[in-house]
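Below are two complexes that have chain A in common, paired first with chain B and then with chain C.
Then we have the complex of A and B:
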């Protein structure tokens, strides 16, 4: 009895998993077929692999350029989000007894609920007026707009760190700056992981900010590139899906290799 | 001069003299307090502030009142922006001015007590050490002013102008029109109907998509967490996989799958003997399709989250319930559910907020369509995608602004109620 598998549960969820995989299977199958094959059957397995679909997609969308753009924005956003947001959160968390910091904290939390359309148009005008309608400006926006959620995640954690550690460092002659980088920041690594993962997913996948901020097609990030070419592919589904697959593969590969770490990173940050 | 004041020190005092001098001009009080370097620095700061910004204030304040007078020459929207920036800068300036008076007053008070005022080096040390939190948040505050506060002010003011396709500066001027936009909005059927249908769909969309995606995630997490389930790891990996797929790709793939004519979904329905469903052209079916897609996209995050939560629930709770003869349902209802929801309450709210602003899914699936006759919004447009269209497709900026304000007010009220009611948001216990 003890080692018997609980088939009543296993079978339904195994079938459920297949349902989840179905759209992905479809995307892969379409990407590998030739147009004639696709016309005959959409669902069937491809008879031979038409890898030229991928080559064509890479050429058409200038894939590597878009990949570089996305990578640039994501790396800048993640690195600077972790470095700056943790510091702001530290400043707030350790001064919650002061009205100023407490109200700042609540101001930031409520900013999470600001509907984005409210600030969409001015942001577009502002970034173009300041010459920030480029990849760098985009990264800055991710860093600032992520502040609300990240402060929320960091502050709760920092408050659970005992103050004695900092006091000991101050006695040893460390400045406030030194205390943060040498004592607090290393302790924040689980939170840094959570924030880093969430920021990475957001910056890499976001479609809206690039759509409204960037107006030079050379700078288009991966999602934006797919959108721009959606019209040009029109009926060429094979190339289109090959291109989508190329766009989704980097994160899926990262996820498959680092999933244990990613999942624990998210749960650790969310719950205590 | 100093000797004179010193004689009256008893009633008037150095602190008040210093404060008054600083009120006259930044830095004077500090010089009176013999903090020469600090005083000179403040004086220079004040004059450069005035010299640099005088022209901007002049044109900005005139501009925000008139919005320009000569077409082709005055750019109304730039003037509006300059006006807002002037007001913000004046506010920041006043803040520094106030701090300067306070500083003069405090140092003056120290001197009355016979304490030597701190030199510039000591001041520097205090600022970098005690003022560390302020130094750290200052850049963040400044950025927030420009990417959150300025845009909100701009949008609020825009709602009271006639800025649209026919009033595009610099060719035409934009004017203040008072409450006209709001009045038209509730008087003209086209706008009223659009607003009512978009708003109600936004509410339904936010509540349904989020609640169901959370429920599926929790349900699956509980199932997988059962004892004696095979392939646990593999199933979990597969189920969380959609989370790693960028939503823009999933949406475009789904748009292809639900294609009315040659999409596989309809083909399968046909094979099974059913008629094709107009997924993309009928508002109702389009909404159904979008909800299904969001369930697919949204549940993996909840699943990942609850997998962690469930493992953290102490097993003796279940053992005790077992002893008391609780059923599976009772265990779920009274142990799992409350523990799981309580631990993740803040994140649940974040998810609701996320779907409220979920532009990706709506816009990438069907661009908010299909079009609905006699309305300015498509059948599946939620507020964010509607405002996007009004702004960037049909250029009705003034209406977009008015709608944004109405949304903003509603969301603020809801958020306030929510904050008051959610236990886990109270005080510092934001994360349980």
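Then we have the complex of A and C:
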């Protein structure tokens, strides 16, 4: 009796999903049309594919460079966030009985309550004084700012790992570093995936930090690039939408193939 | 054994120093500058005590930004949580193509808010007026983002469209922790679906509800990308959020110190708000 499909729920869920898909359909349709076609029909399917819109968008915004910038920042942020934040969390999780580590834990977590606007103005002065108003500096900020949430995610998980696993390695003469890299880090794989996905989504899509930190347009990441070109796109919606789609597509393509993995990764981070 | 302890300190200290340098230190600097009259670029500045704070309370633009930010954050938080919960219940039911729909509803979470804002900008500016024209719906013929009284609703719509994705997944995770035999017992007792929701489902996912409401409210108070993408704070100052005001005043308006004071006040408001929410919602959790 319980295995019958519930159509009374399936239908509204399907209709609701159209609301999610509509803006994306629209973006694809506009990006493929010619200006004349768009003027005739905003909502209709494109009659032929005007791929030259994409060519123009690539040339105009220097897409491949922006892509490279975004990829550089995201890869550095993800790799070093996983390597460093997990290690900090390990040291904290195994020493929660010591005042130093315990206060560290609460210090990092309570920093989540500080609204970014308070930091926004001084951090711009600081990064430019240190010569960090570039892609490298931006990556460092993602790694450092991620600590608050990531420590929270990792510590909860590490405390559920039985200490016996480490003790065996310690008896064999492994140092704290050895125990972490050889025993703990491999066990953290599910959390590393979660933290990696969250960091990737953040660094790739973030607009505010690139906006305030980067002052050389050559360094602009993909979202920042769309913002910079907003004025030049003006009423050329076809090129603008082609450019938006190009900027959105890398993550969407990854998502199409790995959606199960992405959703479960995000879920695990959220319910910690 | 002490070698192990040294290793633990070495694992944490560099990270903490960096965190202090790039997070806590600028926050302290913000508090410090809020007591000066620095414009952000001149070589000298003076201490002015609490003058900036006094002026903030008399500033109509600041009040205006708080009003917009509050009404935006409250409405978005309520709508997002209500809709996410409904969608999560739907996705948790025995529906066809469940995994496909789950993937669709989560999709907005992986998209850049700025670009989503640009797309909706076009929808409000061209698609809706175009359709309204053809169907003769008078009040939708003009761009709501150009209307001082309605522009904020447009921003709420985009925010809801985007953040329902993440919250739905959270609620879905919560729903899956509820053992199914509870429902079986309830249906044997002849409970209606409505009653089942209020007596079993909602109390059991209450902790998820609390955390979702608190996080969503805090995130929504910091709204920035949506506003920049859709209205730039306009028309006039109708949709200028606190983050946008601090950004614009602080960087281009020569109000570095003044907006720092605004940011300090903002910090207090966020902390108080979070505290009240936690108290209130946790009390409800207990009562259920």
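Following the convention adopted for this analysis, the second predicted complex is superposed on the first by the 264 of 272 C-alpha atoms of A that agree within 3 Å, B and C clash if a C-alpha of one lies under 4 Å from a C-alpha of the other, contacts with A are read in each partner's own complex, and residues count from 1 in each chain.
Keep in mind that, in the parts below, a residue touches a chain if its C-beta (ideal position, glycine included) is under 8 Å from a C-beta of that chain, and two chains touch if they have at least 3 such contacts.
Computed from a prediction, not measured in an experiment: that's the story for all the values here.
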{"item": "Simultaneous placement of chain C and chain B on chain A, clash or fit", "value": "clash"}
{"item": "Contacts of A:109 with chain B and chain C, given as first, second, both or neither", "value": "first"}
{"item": "Partner chain in contact with A:255 - chain B first, chain C second, else both or neither", "value": "both"}
{"item": "Partner chain(s) touched by A:219 [first = chain B, second = chain C, both, neither]", "value": "neither"}
{"item": "Chain B versus chain C as contact partner of A:152, first or second or both or neither", "value": "first"}
{"item": "Touching partner for A:242 - first (chain B), second (chain C), both, neither", "value": "neither"}
{"item": "Partner chain in contact with A:184 - chain B first, chain C second, else both or neither", "value": "neither"}
{"item": "Partner chain in contact with A:32 - chain B first, chain C second, else both or neither", "value": "neither"}
{"item": "First (chain B), second (chain C), both or neither touched by A:96", "value": "first"}
{"item": "Residues on chain A lying within both footprints (that of chain B and that of chain C)", "value": "3-6, 9-10, 12-14, 16-17, 20-21, 23-24, 26-27, 30, 42-43, 84, 87-88, 90-92, 94-95, 101, 104, 111, 113-123, 125-126, 140-141, 144-145, 147, 175-177, 201, 204-205, 207-208, 212, 222-223, 226-227, 230, 237, 240-241, 244, 247-248, 251-252, 255, 259, 263, 266-267, 270-271"}
{"item": "In the complex with chain C, residue positions of chain A that touch it", "value": "2-7, 9-10, 12-14, 16-17, 19-21, 23-24, 26-27, 30, 42-43, 84-85, 87-88, 90-92, 94-95, 100-101, 104, 107-108, 111, 113-126, 140-141, 144-145, 147, 175-177, 180, 201, 204-205, 207-208, 212, 222-223, 226-227, 230, 237, 240-241, 244, 247-248, 251-252, 255, 259-260, 262-263, 266-267, 270-271"}
{"item": "Chain C - residues contacting chain A, complex", "value": "3-4, 7-9, 11-12, 15-16, 18-19, 21-27, 29-31, 33, 40, 87, 90-91, 93-97, 99, 101-116, 118-120, 122-123, 126-127, 130-131, 161, 165-166, 169-170, 172-174, 208, 218, 221-222, 224-225, 228-229, 242-243, 246-247, 250-251, 256, 259-260, 262-264, 266-267, 270-271, 274"}
{"item": "Residues on chain A engaged by chain B in the complex (per definition of touch)", "value": "3-6, 9-10, 12-14, 16-17, 20-21, 23-24, 26-27, 30, 42-43, 84, 87-88, 90-92, 94-96, 101, 104, 109-123, 125-126, 129, 140-141, 144-145, 147, 149, 152-153, 155-157, 159, 175-177, 201, 204-208, 212, 222-223, 226-227, 230, 237, 240-241, 244-245, 247-248, 251-252, 254-256, 259, 263-264, 266-268, 270-272"}
{"item": "List of chain B residues in touch with chain A within their complex", "value": "77, 81, 128-129, 132-134, 136-137, 139-141, 143-144, 146-148, 150-152, 154-155, 158, 220, 223-224, 226-231, 235, 237-250, 252-254, 256-257, 262, 264, 267-268, 296, 301, 304-305, 307-309, 312, 343-344, 346-347, 350, 353, 356-357, 359-360, 363-364, 383-384, 387-388, 391-392, 397, 400-401, 403-405, 407-408, 411-412, 415, 419, 428, 430-432"}
